[in-house]
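Look for chain A in each of the two complexes below; its partner is chain B in the first and chain C in the second.
Our next item is the complex of A and B:
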């Protein structure tokens, strides 16, 4: 035992053997035995089951996948990417020339000619405009007026026209002040109503919100237009909201709350 | 020998740790209040998530890092009986860590880091939050190097002699921490910080979660090891006995080093980006942590039995009653073991794939890590502080009764808080949620349990404040402390005269960790660089729309 090597040697050897055998056992069990047995029960052949267990092919070795061949029907076909969002920040000449055909309803400068029927586009987020154009085109948001208008637009043209209108300044608050919406409505905006499972409107539509990319700004749209959209979500007539967010928020709203919320946003500056 | 720089370093580090702890404790109680059916002040989702971020950052990063650094400096001087190398570096590390902690705190309280304390993009905080935490970790790296240098210098001065167990274990923790932080450092450096700076608009969250999992389990052992150092080196002495086996201690710390790292995928059992087989492999390796745990339960049990019998305990279990339970360190060990039992049971549930699927996103998980970390680990931090404070301040403890009361309150509060919390998890109460709708008939039934849990939280707050008060009492104590600091450590029944190099250093074990990490994490990380993997849009908390 006085030879230092004789004291050291077994440690190096046996520690490595012990640790690597635990490893080998886990690999044998987890990479081979378990997937093969799980695969057999699910009708998946041994090779495919091992590939799935390793993560080389998708799916679980324990279940046949995909379980259905039905085609998914997403609420919208818009897929956000950094490039897309980046291109939406640049107003171009192409956008300006395309905007001519929108001006009849939405105005040259993005201020709608008939605010009760059509939304203002001036100062709206480009992502929100693009999302709606895309949805009109793909049928996610069918509209007798808009769907035919956007059919001919390419992806790039939709981006261009969205960026164009987003760049205009928002409409100033009308001189004749609207009545205040009241504390109950402001409570819904700021805190929601946990009793009815409703999140605060501010959670997505506030100026510091962490909401979805496509959440539009609401302030200074007309009361009539906002109320009509909330009612369309409430009845399910409009259904291009991902995860049914707006449909589930609008469903428990009462008629007077819808009008109150519409009034609130029509008369505020920052949302 | 405890020369002034270790004394002052330990004093400064532990106070900083416990101040962060006290603030975080207040936030924790408020968070439980906000989630309860009782009307709480300041409740809003944004406030809640900022508070959780601050609580987690203080409790998981700032408090343990400074506690471990301070305790390490103490061990390095007292166990090795020689001055700390390069104390100037130690103070620089303290300043760096303090600046980082303050930077992170300011960022959180200005509402720009409501991202919780787990680094899970695409939600990203202000870059100052991450930079602050990087500074805290960098400070701990300096500490790691100092610990390794201290041990190397001692070995050079004492060729052939075994490194004292307390220092061997401290260096095991330092080595493990260096390995541990590689994962999160890579995630922050290559993904999160560029995203927070706006240099990256998209990132691969599968990769970030995998890199974070590398750190996520081993960090728990980093917190835990000081408690184990106390179990092995301080508790047998406090109980009036001897350590049953020095070798068992060395093996335990080595096994912690090896099996803390290639196991992190068990935090991703519900994640789709990792395959079944690699999850299985890492869960199997996770299960091996039972070996050092059981070694410890046995060795410390045997050491305490020696102490109990030396004190006149007879019969099969009579030695338990004969132990000096009035000594805080012994009492804390008993309470810590009880909580380790409950927490270990919960942990077995979490690491079992099928059961984990049931509890994964529920309060069960939150309750589990509060019981293990807040319970077993933190109660030992208290006991360590009580044990070393006489040497650090040079004054004797004014009241052991107040210390015992504080430890009992902590134990009671932790059980009252976490046991109903576990149960709520089984009922389906989800975690990471600010408020609940108690008007919902299903959720209404949770209310009473949440209130009981909150009462536990209030007891913990009382205990935590009493702890701070107990430490402050040392400053008004007039009675000087006489015993030499080195007398804190137990000698083994058979003190080792000579140990193989494998049990006196970490070269072999580092090689084995490297092999295991390549085998267990190689492909799970490499897969993100082969072919296209989906990217997520970065969402910055401090970006104003």
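Our next item is the complex of A and C:
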């Protein structure tokens, strides 16, 4: 019954033939037929197309692209490197001594002395603080009070003071409750508005959002400051966000949505 | 009661036929897209530093959008960023060879232009380049088709294809959506 010369299962032979022919077809199709037929449409001859498909000759070389003659005016001059992001996580003594000159407005512990006039820095992400300081300094975000404050700061000092303020705990929610912002506003925060092509605010703002590095924490910032910044983005008065990330979101907001969003973030600790 | 071997074999064959069928349908769809819709793999590699994309060179904000160079070559440069395109609308002429160039400063994105063969990934560190000829005029949707974060679903742009005689570059060779 067990004939050693005979395959135990005859289908093994057919299976091997099937696999080999699929393989042969793929090679023929992927390296010969497809490139030749596609190359014809792009004006590439058959031999060249096969060589390209096999990787023997390179594809169309990268042509040097003409750039604009206008001088580049980047929205910001900040470039995030791994070293920079690393250094922003370390609070240092240098940061503490520099922070003294900020205390008059932003408070010793990063809680603004007058929230209607100055933003809180406590608990803000260090990357966000650093980005704004850098932009105040280079003029990407002009500000009557802040631009002169940061002129004398070096790169290392900006990093140090950012790390210093980021380490403080956020201001607690005030005892007097603010009114609720309403379901429409919470919808904008959590889901955005696809009718207007607006991503949710918390796609970018929030500790674990996975959005842009420099997106600041918004919760517990004052209503007045948040609303003022949203209006400035909407009108284009503030334009230091890389590739219009924030301007493109603020542009379609209505005045009452701006007030509602400012109220929402001023009265929540979640984001 | 034990199932007879014959029944097991028949069931195995049935399922094997279904899986071979599914794989074949997918392969045929790929071959069809490659041959009929001219979906090609990228033909060259071009690197660019994503960290300094915005600071100078080709992909600074001032240089984005459609531009016609001196030799009549039409190029549109677009940056894909979380969660928008910059610019959000580009104008291109119909029935003329155009080049689209993409880059991103943050994460992997991807684009396709609906109803055309334009379809590419946009990977940080590389320039994605596509040559094509648009044959239909009108506003074509260009969504991001590679999950890039929580706002991905709102990330889309418009490619406005106009008849060649309505494609009028300004003195600098630029054409923009809102300028028309």
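Quick notes on this one:
Following the convention adopted for this analysis, the second predicted complex is superposed on the first by the 202 of 271 C-alpha atoms of A that agree within 3 Å, B and C clash if a C-alpha of one lies under 4 Å from a C-alpha of the other, contacts with A are read in each partner's own complex, and residues count from 1 in each chain.
As a working rule, a contact is a pair of C-beta atoms (placed from the backbone, for glycine too) under 8 Å apart; a residue touches a chain by one contact, two chains touch by 3 or more.
Being a predicted model, the structure only gives us computed values, none of them experimental.
In the superposed model, A:113 makes contact with neither chain B nor chain C.
By the touch criterion defined above, A:24 lies against neither chain B nor chain C after alignment on the C-alpha atoms of chain A.
In the superposition on chain A, A:248 makes contact with chain C only, not with chain B. Of the two partner chains placed around the shared chain by superposition, chain B and chain C are both touched by A:194. When the two complexes are overlaid on their common chain A, residue A:54 makes contact with chain B while staying clear of chain C.
In the superposed model, A:76 lies in contact with chain C only, and not with chain B.
In the superposition on chain A, A:34 contacts both chain B and chain C.
In the superposition on chain A, A:13 makes contact with neither chain B nor chain C. Using the contact criterion defined above for the overlaid structures, shared-chain residue A:103 touches neither chain B nor chain C, since it reaches no partner. On chain A, the surface touched by chain B in one complex and the surface touched by chain C in the other have residues 29, 34, 52, 60-62, 80-81, 194, 197, 200, 203, 209-210 in common. The touching residues of chain C, counted against chain A in their complex, run 31, 34-35, 38, 40, 42-46, 51-52, 54-58, 60-63, 67, 69, 75, 79, 81-84, 86, 88, 101, 105-106, 127, 129, 149-151, 153-156.
Residue ranges on chain B touching chain A, taken from their complex, read 44-45, 123, 201-202, 258, 274-281, 284-285, 288, 435-437, 439-440, 500-503, 508-509, 512, 515-516, 519, 523-524, 527, 535, 537, 539, 541, 544-545.
Across the interface of their complex, chain B is touched by residues 4, 7-8, 11-12, 15-16, 19-20, 22-23, 25-27, 29-31, 34-35, 50, 52-55, 60-62, 80-82, 85-86, 125, 191, 194-195, 197, 200, 203, 207-210, 213 of chain A. For chain A in complex with chain C, the touching residues are 29, 34, 37-38, 41-42, 52, 58-62, 65-68, 70, 72-77, 79-81, 192, 194, 197-200, 202-204, 209-212, 242-245, 248-249.
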